[in-house]
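Next, two complexes with subunit A in common: one pairs it with subunit B, the other with subunit C.
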Partner chain A sequence: MTSPTDTSGTQPSDTHAAVSARVPLWRDVVVLKWVTQVFLLVVVLGAMWFLASQAGDNLRARNINTEFDFIERPVDIQLGEGIDTHPDTGGRALWTGMVNTLRLSLAGIIFATALGVVVGLARLSDNWLVRQLGSLWVETLRNIPLLVQMVFYFSILTTLPRVGLDTGPINGWLHISNKGISMPRVFIADGFYQWLVVVLIGAAVGRYVHRRRSRIHDETGADTSPVLWALGTVAAFGVVGLFVHPAFSWLGGVFGAVAGVLDALPLVVPQILLCGVALGVTATWILRFLAAHRSARGHLSLTDDDWFRVLFAAAASLAVVYLMVRWTGLSSWILNSGRDLFEVIEAKFDVDGAARPFDAMRPDIVQKGKFPNYGTNGLTMTLGFAAVFFAVVFYTSAFIGENVRGGILAVPKGQTEAALAVGLTRGQVLRRVVLPQAFRVILPPTGNQYLNLTKNTSLAVAVGFSEIVQVGTTVFNQTGRTLPVVAIWMLFYLSCSLTISVIVNWFNVRMKLVER
Partner chain B sequence: MTENPTEANPLDPVADAPADAPTGAARDLSGARDVIVCEDVSKWYGDFQALDRVSATIREQEVVVVLGPSGSGKSTWIRCINRLEIHQEGRIVVDDVELTNDLRNIEKVRSEVGMVFQQFNLFPHLTILDNVTLAPIWVRKKPRAEAEEQAMALLERVGIPEQAAKYPGQLSGGQQQRVAIARALAMEPRIMLFDEPTSALDPEMIKEVLDVMKTLAHSGMTMMVVTHEMGFAKEVADRLIFMEGGQIVEQNTPEAFFSNPTEERTKLFLSQIL
Partner chain C sequence: MSELSSTTGNLEVPYTPPPATPHLAPREWVRANLFSTPFNSVLTVMSALILATIGRGLLSFLFNPIRQWDATATNLRLLMTQAYPEEQYLRVWVCTAVILILTGLSLAVWRAGSHVPVTKVGRNLLATGAVVALMTLLAPFSASATVQWLVAAAVVAGAGETLRRGVGMRASASGAGGSDESGDQVATISTLTLIAIALGGLVASLWVVPYGHHSYLMDRTPRVLAEPGTVAMTTKLPWTIMLLIVVAATFLGRSMRDRLPTNATRATLLVAWLLAPPTLLYLVLRDPSFDMGHVLGTDLPIFGAYAIGGGLLLSWLTRPTTGEIGRIVAAVVLVVGFCTFLTPMRMIVRIDMLMLASFALAAPTFAGGPRARRRYVTGWLGVLGVSSWLITAINTPSTVDVPGDFFIGGLSLTFIVAVFTIVVSFPLGILLALARTSTMPIFRLLATWFIEFVRGVPLITILIFFSIMVPLFLPRGMELGEVAAVVIGYALFSSAYLAENVRGGLQSVTRGQHEAAEAVGMTTGQKTVFIVLPQALRVSIPPLVGHCIGVFKETSLLAIIGLFDVLYIARVVMPNQTEFMGSTRENVLFVSLIYWIFAYQMSKASMRLERRTGLGER
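Here is the complex of A and B:
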């Protein structure tokens, strides 16, 4: 502060020094801040350590096993539906449950969004009847508990006719009964992954086509519909790929070679690599951070909060390094997982050249003893899935509808008037002026609804749909590993929610209005 | 889109109008074409009559300033002329196109008539340049490069070409209003409507907007301006129209209007504002 070039003069600096010398420690804001930060950190870490050790002691004393060994052990579970209805291990059973939850959530998010937009627009409609119907939908569905709705839909669906060997409505093509809805299924066959490579190339070409058509539009003003052209390109590649996909079977060898390399790598390579990445990323972040807080004259001004962030980042990267060096198991796990992944991909490409990318099957009904039931051929939506699906979609659509309505109302009327006044049509006003602005308002609360929807699917346990909570309950009833299963549940929902949050936040930042 | 390309385009953004071009009462517009014709236009909001048999004709290149106390129907009238408000009785004909429920007529009129609002109403999610080029690209189907070139020329004309890449939220009120004028001019309108363009501005920014409007008036644009700026009205207007209670009370040249008003209500109004 008191460098000779300091033009502010020495007088104020002296005064400042004199004042700071007189402040006792317990009144110094800077000291107090640091003490609080460190104290808080120690308390939090200490509490965590205390709780963990206490829990460990108690669990040991009561002989409660917290091992995750059930993941590899055989279980005797039959699931209502999913990728594997007779899973051979606990891990496989939980995985089936996760896939069911993800399917339900993804389908729910898509349909709830579409329906929510319709409901929101309906509530803004000029048509009296449409407006009233929209209000009725929203007010009814958001005011009845989700669980009640779920059970209600389930009990309605169970009144459907019982399944017989020749139930319709279109026997052999579409079956609707109290066992669910079954229809023809298109599924991925052996040649799919080779075909996927062709489509990916098509996507790259489509991107180029999109850019080119956009440029032509900018240069000539002609209507070039770039999106349509891009989609057309991808579709064309998809169709051609149905015939030429065996040409890419050699890719299997490439993936196999990568797997071999990963297998042969010594442990020290991922250790060095990850340590390097951790240190490198942290160092660049700290350097950038410091550079951003340096004034034009080279004076570094960091608040205590900034200092704490820098120190915390450095400590975190050192912790990563320590972990990688001390825990060699982590490195070998990374290597092995990588090798397994590439071996799996290699196996996907190692198929008969004539294999088709897709296959289709018609739904079937099989007689087991006295009871006819749906076979595994068709695409079957069980009553459980349907009840949960309709419940979360209807329930969430009411909330999303309100978000959409609020978002559109949040765009000032003057925007529409100005857009109409320069000659845009109603559709262009909506597309180019109102919706881009409304979207910014709609997105954050709708992201919350996506999180809610995903978490709400856990209520499906009430109607016996085999999602992660229901499957997990069965698994810990059989194996007695309650805590590990609950831990897996929490981790699973946490990762789902964080993924959705990250995506929504990314959009949010991109769409932000620039002001000042 | 002028039908006659040989006619001097008054909107050529690069052609700066001579500052001493005649406007106001010095001009004789008796031979000019009628571009806005209103016949007995009436409008009600519920029981309240906002416009009461308003009849007026505005000639090509004429600058008309509409005055009146607030709630007198000035804004409603001007907004009826490009159908942002719908009149319930009477006829409005703009550039030989009558405003009816026919969507094609409405869109034709709107693309011929530019409008500037009190609250600017720039599109906050688009840059200044995109604000100006939006309509030329999507309504006139101009190539982007050409639209941008024209937009830059217009921004030059209103004096803020250096702001092209910024967003409306980063500009001052006066700059925003000038962008709004450029946006309206980008559609090459034959008529410009101004709805209290300076009422939302800080005093020191009013002048920069009025200067742009004066230049526009000198370049021969047909203008209809609702404003409380008496200086502008005196200097630039060919005709003043005084409204009250949804009716046209008096209309005259600025000189006659200010020095020798005939109606009692006009005298009262003038005594309150001058």
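Here is the complex of A and C:
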């Protein structure tokens, strides 16, 4: 009973050996299974090799180059917006596009979540009219393709009035015109990083305060409101930090020293470290896996599938080791980027002592040539950005709204009734009973929506917003390197998706642990 | 109830009135639902303001005299079929008619539609009238237009009230005392009848209401002709015929369904649905001019050889007594199939060989008595015939003379891409799902990698890749149209998502089912095909319908890669016509309406299906 059951229904290996002595080879299930799999693998690899060789021939015949050299080469591209509108190299152009994509996705995720929660709650409201409004929102937006919406918003925005030197709904504060939307901007100034150090210290202290207040609450039952206390501590540090932050300018030297150490390290160190980590992790995993498949009496029973997993893990870790040893460029890249990172941080601390952490500016309008245009002071959404932003936020909010509604409906009614019966107010019931339980149901599908939103920003290519796909299209139209650009796109989006799903999964696991 | 009716496949559930809710007087209802607390009152006022603003903004946009709605009205043909030649337009109507006939027959045979109480219809009409009246007051109409619209609203509301009152009175008169509560006497009307009445009214209005006569004259200098009057004869006559056809087909199906065996009829209809898209596209719309000498001299002999040889082989392989030697023969056929790629020969020979090999490998799963064997061989002949004919048709040049690469565009292209994507990705997705849940690690690994990779990248990158790069991956002498390449991209993308939906269904099949199937001696193939998949697919119907809606919406991405789908025409082609410069907003709004109608109807249908079959309540 204690031995773990496998899923395939094949027999344990030792009895299997006895049986297979009698079963001819072509009737042995395990043999047949592996023959099929290896055959399929050969077919897949063969097909890929065939296609790749065809592509190679065709590319050579048409004189198309597939090298990544355009990353270092100068290009003649002008981008609509981003951190660098006249990039020197193809790589820099793509990097600008990536930053724009991330900017758009992050803003979209935040606003879509906020709006989605409102929509979901509206659909559950006691108020008939609010409910109808919520349904109207969801049913309209979710059934019209995102691209169509995007194009529609864009065509509306382009017909807005022209920008003048002193126009806008609120002149000097908010401008809406056919050049986009411009509003006041709060931005981080030179002193920000020193201030951040103070806040981080505050967070550590706040954590201690939180723990302490919770313990008092647990022991005495007194209402100690630990969260409020912790937040208050952080806020106090933040306020004090506005005045004392120049005291931390010496930290720059520390980061500089770290950068120096990284620069001086030989290539072997990251190689040894990463190989050690890969081998260590794999070895632990394999040992745990074997332990889990061992019965109480120590009898190990592994199916062919289990063997495959163990061997595959071992092979993968060996591949990592081989890669690290053979490809020294990787380790030097790691060292160099680490050094660069610390040097950048060092530069952030190298500021005038009196620099403010934050600053704010009002939008301005400048006239350089014939027509007035927005200056760089304000927070400006260009037309493309605004169209994509509104489209993804509205579209995703309809889906998130449905997730929120479903999650709240999934909380049994008895929970609400019981909470009301013990005397909680409606707000308390929602905050302390319903939402924590609903959150668990809401999170996984909403994480999926975040993924979708990030991928959907790629449709911005239709309205000419300079995100990665649009920039990539421009780059390959100019350099003819379609295949490398497509590869970079896919790698970029895969890592975005992976990051988001790791974050969402982390929250998911935390949520599950709370549940008993 | 739902279990029983769904297992017999009967989707028609008799109408049972919902449990009586306490009926509130209008004033009490308003108080309970809109002004129960101060906060609620504030919410009500705010939402009313928002709704009024949206309504007013939309209406003043729609009815502004500077709107170029002429652009949409004139370019309807362009939006629907792009540049399909006018003198061949009968082909388009034939396709529409075939699809409508199939729809009508299916509606009747699957007993679609339910019955709604007449009072409810009346109430809805009343509400519609009220909404129209409210909108009229919000809209920026002239006084006479306002009066006209108000009169129309009053007529609708009056009709609704009459229905409600009249039927209510009849019910209370006939149900002598207390039968109202039992709910037996509620007068109902079929939803199909309602839809037919509504469509009939719409079509009749084409003959009566002066929508305006728009046409785009393609002379030496294209110019627009817009005259007052009813719509062109080329619009109203075909649509009237189409309506008559679908109604006739529904009646035909209704009279047929009781005389014919249900399952056989349904199976025939399903096959017809499956065959309709390629047949209509490649035979009717594309009109290939077959080279009869080549067909008779090459294609038919190849088909005949495979039909006879393959039929005999499969008939022998499906004999339960054949045993291992059959498998070895099947494996040999597979190896031969792959070896054909090493020597130059016709592609169709290789494809047929591979198909025969997969049929041979699957044969033991379908082994059985003479009936089962005959059916399997017939299946092989059908698949072989259809695929041979399709390959021949695709490789034959078209006689329809159109500019551009693909012979049809607009909404038709949208539908074609959506349908072919779903048809291709369905088997692919099921295979991927099976591989991902399989106990064979290499299958699982390949499927997982593929699915996670595809789900991690945006569709547009895949489409750009396929539309640009596919020609480079093909052997010399082989060509693939851009639309076909893009459909492959769509299908690969869609299959990864579909696989995840099917996987959910596969995981919901309980372990007992697997064990029971093994206990009665089924092979893994038989277990999968006859026990696991039917249950898994049934559970995954709701997410699969949602997936189909998604595919339909994603077809709009065709516009980005520059294919002439409905969005591209509305956004790029029409605003560049000299007469309709800058009509983008109107056109895109019209396109959103088209998409919205189809997607909304599909999602509503899926919800109804879910409720009827009780799938949502597990």
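The rule is short, and it goes like this: the second predicted complex is superposed on the first by the 452 of 516 C-alpha atoms of A that agree within 3 Å, B and C clash if a C-alpha of one lies under 4 Å from a C-alpha of the other, contacts with A are read in each partner's own complex, and residues count from 1 in each chain.
Criterion: a contact is a pair of C-beta atoms (placed from the backbone, for glycine too) under 8 Å apart; a residue touches a chain by one contact, two chains touch by 3 or more.
Bear in mind the structure is a predicted one, so any value in this text is a computation, not a measurement.
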Quick check on the superposed pair: does A:Ala247 touch subunit B, subunit C, both, or neither? Answer first, second, both or neither. neither
If we overlay the two complexes on their shared chain A, which of subunit B and subunit C does A:Gln437 touch? Say first, second, both or neither. first
Which partner reaches more residues of subunit A (counting touched residues only), subunit B or subunit C: C
Looking at the overlay, what does A:Gly423 touch: subunit B (first), subunit C (second), both, or neither? first
Please indicate which partner A:Val148 is in contact with in the superposed arrangement: first for subunit B, second for subunit C, both, or neither. second
Go through the superposed model and pick first if A:Asp218 touches only subunit B, second if only subunit C, both, or neither. first
Looking at the overlay, what does A:Leu41 touch: subunit B (first), subunit C (second), both, or neither? second
Can you give me the overlap between the subunit B contact set and the subunit C contact set on subunit A? none
Along subunit A, where are the residues that touch subunit B in the complex? 217-223, 412, 414-415, 417-425, 428, 432-433, 436-437, 440, 513-516
Give every residue of subunit A touching subunit C within the complex, in rising order. 7-9, 26-27, 33, 36-38, 40-41, 43-44, 51, 54-55, 57-59, 62, 64, 125-130, 132-133, 139-140, 142-149, 151-152, 155-156, 159, 303-305, 308-309, 312, 451, 455-456, 458-459, 461-462, 469, 473, 482-483, 486, 489-490, 493-494, 497-498
Taking the touch rule as given, give the residues of subunit B at its contact with subunit A in the complex, in rising order. 82, 84, 107, 110-111, 113-115, 117, 119, 121-125, 134-135, 137-139, 141-147, 166-167, 169-170, 180, 183-184, 186-187
Interface with subunit A, subunit C side, in the complex: residues 33-34, 36, 40, 43-44, 47-48, 50-51, 324, 327-328, 338, 439-443, 445-446, 453, 455-461, 464-465, 468-469, 471-476, 518, 549, 553-557, 559-560, 567, 571, 584-585, 588-589, 591-592, 595-596, 599-600, 603
